[in-house]
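The same chain A turns up in both complexes below, where it pairs with chain B and then with chain C.
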Partner chain A sequence: MATINLVDLKKNYGPVPAVKGINLSVKDGELIVLVGPSGCGKSTLLRMVAGLESVTSGRIEIAGRDVVKAEPAERDIAMVFQNYALYPHMTVRQNLEYGLKNRGTPREEIDRRVKEAADILEIGPMLDRKPRQLSGGQRQRVAMGRAIVREPAAFLFDEPLSNLDAKLRVQMRVEIRKLQRRLKTTSLYVTHDQLEAMTLADRLVVMNGGLVEQLGTPTEVYDRPATLFVAGFIGSPPMNLLSLESIAGASGFDGLNLPAGTDVVGIRPDQLTLEQPTGPSLALAATVELLEPIGGESHLHVRLNTSNQAVILSVPGRPDIAEGAAVTIHARPADLHPFNRESGRRTDTAVANP
Partner chain B sequence: MVENRPLLSFLTHLVLIVGVVIVVFPVYLAFVASTHGNGDFLSGLVPLLPGPNLIENYRLMLTEGISTAGAPPLWIMLGNSLVIAIIIAVGKIAISLLSAYAIVFFKFPFRLLAFWIIFITLMLPVEVRIIPTFKVVADLGLLNSYVGLTLPLIASATATFLFRQFFLTIPDELMEAARVDGAGPLKFFRDILLPLSRTNIAALFVILFIYGWVQYLWPLLVTTDSRYYTVVMGIKRLAATADGEPQWHLVMAAVMLAMLPPVLVVIFMQRLFVKGLVETEK
Partner chain C sequence: MQTKRTIFPNKLLPYLLLAPQLAVTLIFFIWPAVQAVKSSFEREDPFGFKTTFIWFDNYKRLFADPTYLNSVGKTAVFAVSVTLLAMSVSLLLAVSVNRVLRTNRVYTTLLVWPYAVAPVVVGILWWFMFNPSIGIAPYLLRGLGINWNHRIDGSHAMLLVIIAASWKQISYNFLFFVAGLQSVPQSLTEAAAIDGAGPFKRFWTIVFPLLSPTTFFLLIVNINYAMFDTFGIIDATTSGGPAQATNILVYKVYADGFLGLNIGSSAAQSVVLMLIVIALTAIQFRYIERRVQY
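Take a look at the complex of A and B:
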């Protein structure tokens, strides 16, 4: 139970800045997901909090205590690694106990905590096996068990699910969420998978190039991406970003009333429709290139007739549209996200985050 | 290569058996020689069956030795060889484990240089540097002592190199997990690294024990006191008698006894040894 405060945190590898000044305060019991493309500094940031990477400048406060100079073991954190990092020569029980023994925890206390964690994670029957006798999912549970028994102030997750297959990943994602809700332990979670980020996070930190692009709840980030980068990164398929020229002549464009400075307009694939919605709308003429049925919905790849720009729509069901057919796609003005290409930011106001 | 062809398996067995016979026959001949009496081997007709003097020959060699050849009883030399081989093997493993640990897991200035300096010494075997080494050992007053016999042979680039390669395959996360779990450098070494290197250590122990056991030139140089003779150099002394023929039956008895400990070490550590050579899972 603790808060984590990062104050103007920077990290350079030689002359190369990896993390360029991060301010973040994690509330008690909150799960914050750091998401971004590889090389954006999210893992470095997490490892700095863990104490595995030195800090170039700035402060890290865990439970109000500045821990920049502290060893990882003194920070009262537990970390779950991508490749689990279980000790291969120890049984599951010894793996769970190791950190507690090193801290001189009394025997009864160790046994109690190991039993509790084993019950929570349902790994009781495996306590006397070696890690190599476990499946990937079971190893993942043990790795989390090792974090739980410590009863730390904060959990740090470093892409814990990326070594699992797709099905197991969804299952473990749900379990991590439930577990975190139940234990109410402050958590930092790093991932490059935006779906994982959206579903797990209390609040989401989208990072790019060592800086925070946006901080907010998953719905805030999805509904009002603060920058062009966030708009393109969060959401699958990604948001369509249309230059102003390509929609300038379209019917309904004059009524849009875009903020000053707008030269790119973003629109989510699921907010584009083939039918004309009620109320005012923007109508764009396009040619169908490809229809991808993916079950309950289909992705329709089209090109705008005006600028030849590729646009993706997600449409419900399996519409009967031939490739090469001419269609008109519609968007409601309220669903448009206005951006400025130069600054990369939204041009309408009310985005409080940096 | 799992094939079911009778002719092929017959041929492969034949080749293996011929190979074994070629290797084993001289050893067998040595054993036969060690069971015969004085002079039987010099009669012109080499006996191929064991003779009657087995116990007598071995008892004589173990307890009395051949004083005319300047060789003490064999049990003293066997004891010396055992002590020396163990000190060399254990010393080499201990030092190379620690130096490989330092080179792989710690970042200090000139780390790579340190590694290369160790590595370059691989190119200088004992024989090449034997005169200066002898000078140093003699000046330190270590002639005729176990320290003098073992110390110059302990520093080992080979073992350091092998452990370095092994340590490099251990994922960084393991060390980081240990750090988060509150294990300092020594604890990590003791609790994680040592148990993981167990099979490698066993394999190296076998190799290094035999290396120490068969040392010949160095013990020959630094010992003049028969209390410190090792068995391998002792055999040479037995065979080199000034006048008359060597007493081959006794020499061969010594040879058989000298062969025994390395064979035992290999047999008893075979399981670990093979595991150490083939095991890759971490």
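Take a look at the complex of A and C:
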């Protein structure tokens, strides 16, 4: 049970900055997800918190204590690695016990905790096997178990699900969420998968180029992306970003009343419709390129007639539209996200953000 | 895509293609080995006119011979010391290099050089450095009050050949240890660090066990090396002396056979060595896959 505070944290690899000044405070019991494309510094940040990377400047406080100079072992954290990092020459039980033994935990206490963790994760029958005799999902559980038995102040997860197949990943994602809720342990979780980030996080930190782009709850980030980067990164399929010129001549454009400085507007694929909605709307003439049915809904790829820009719509069901057909797509003014290309930021009321 | 198989109908062709390898094996390995076994059952008169078949007499004499038993003892001391020294020093060097990642190419290259030096040259180098009259080492040791003279002191001589032989083998071990260390995933040592293990504990509980295949392989290779490949070093530094102090089995084969011209005994000794090699190789093949698995 602890808070984690990062104060102006920086990391350079030689002359190359990897993390350019991060401020973040994680509340007690909160699960914060760091998400971003590869190379954005999220893993480096996590490894700095773990004590596996040195800190160039700034402070890391775990439970109110500055740990920048502390060894990883002294930070009272447990980490789950992407490749699980299970000790291959030890049985599952020995893997779980290792950290406790190193700390001189009494035998009865070790047995109690191992049993508890094994019960929670349902790995009891596997305790005497070696990691290589386990499946990917089971190894994942053991890696979690090794973190749980330590009863640390914080869990650090470094893309723990990326080595699992799609189905197992969804299942383990739910389990991690349940587990974290149950144990109420402060957690930092790194992933590049925006869906994983959205579903797991209490709060989301979207990172790009060593900086925080936006910090907020998943719904805040999804509903009001603070920057063009976040708008394009969060959501699948990604938000359509249309330059002002390409929609300037469309009917309903004059009624939009966009804030000053806007030159790009974003709109989510599921907020574009083929039917005209009630109330005022923006209508854009387009040509259908491709219809992708994905089950309950379909992704419709179209091109705007005015600017030849590609746009994606999520439409319910499987509409009967031929490729090459002319359609009119509609957007409600309230669903538009106005951005400035130069600054990369929203032009309407500023969001509470970095 | 399926691999295309070509079938040659000629029954002789496979044998023809194998012939060069078979010829080399037969002429250079099997034939001499058979000759050695044959000679070990024979006694030759001093002028080489007549050989008598004497069954196991050569072997019986050998194992009753105190110089031979002394040689067995010396070989054991020598092989164990060389193996331990060469392996522990090289492991230490490999671990150090593994920690400095940036310059490790340079270190590795430099540390591998001794392996390229011929055994006799190694012997000469160390003989020179430890030469009681002109060497630098005895000069320095005299400053510490040690009167180094491997020509008259048997334990000095043994120490010298052990150092020289280990020095040469360190590079070889080092290369394998570096490769072995680099195949231990970084995340394991990181996980152990988070699990509260200090650097020493990390090494002994995580890295060293994972290195065991390499260690076991090197153990066999080093014993083999110390017992059979150190002839040149012994010959150049001490020639088995003083007073049989460094006369290891492989050198004794040479000394008895080519210097003492006792072909029968020498052959019997080499057959004994051959059996030792076979045993070591068998151990290597049998256990290397099973014992060190994790």
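We take it that the second predicted complex is superposed on the first by the 353 of 354 C-alpha atoms of A that agree within 3 Å, B and C clash if a C-alpha of one lies under 4 Å from a C-alpha of the other, contacts with A are read in each partner's own complex, and residues count from 1 in each chain.
Heads up, the rule we're going with is that contacts are C-beta pairs under 8 Å (C-beta built on N, C-alpha and C of every residue); 3 or more make two chains touch, one makes a residue touch a chain.
Since the model is a prediction, treat every value here as computed from it, not as a measurement.
After superposition on chain A, the partners chain B and chain C collide with one another. By the touch criterion stated above, A:V174 is placed in contact with neither chain B nor chain C. After overlaying the two complexes on the shared chain, residue contacts for A:L290 are found with neither chain B nor chain C. Legend: residue contacts after superposition of the two complexes on their common chain; A:A310 is shown touching neither chain B nor chain C. Within the superposed three-chain model, A:A325 lies out of touch with both chain B and chain C [touch as defined at top]. Using the contact criterion defined above for the overlaid structures, shared-chain residue A:K130 touches chain C, although it does not reach chain B.
With both structures placed on the common chain, the touch criterion links A:E71 to chain B and to chain C. Taken together, the two complexes place residues 50-52, 71-73, 77-79, 81-83, 85, 87-89, 98-99, 102-103, 146 of chain A in contact with chain B and also with chain C. Looking at the complex, you find that chain A touches chain B at residues 50-52, 71-73, 77-79, 81-83, 85-89, 98-99, 102-103, 132, 146.
Residues of chain A that touch chain C in their complex: 50-52, 71-73, 77-79, 81-83, 85, 87-89, 98-99, 102-103, 130, 146, 150. Those residues of chain B that touch chain A in the shared complex are 171, 173-174, 176-183, 187, 191-192, 195-196, 198, 281-282. In the complex of the two chains, the chain C residues touching chain A come out as 185, 187-188, 190-198, 201, 205-206, 209-210, 294.
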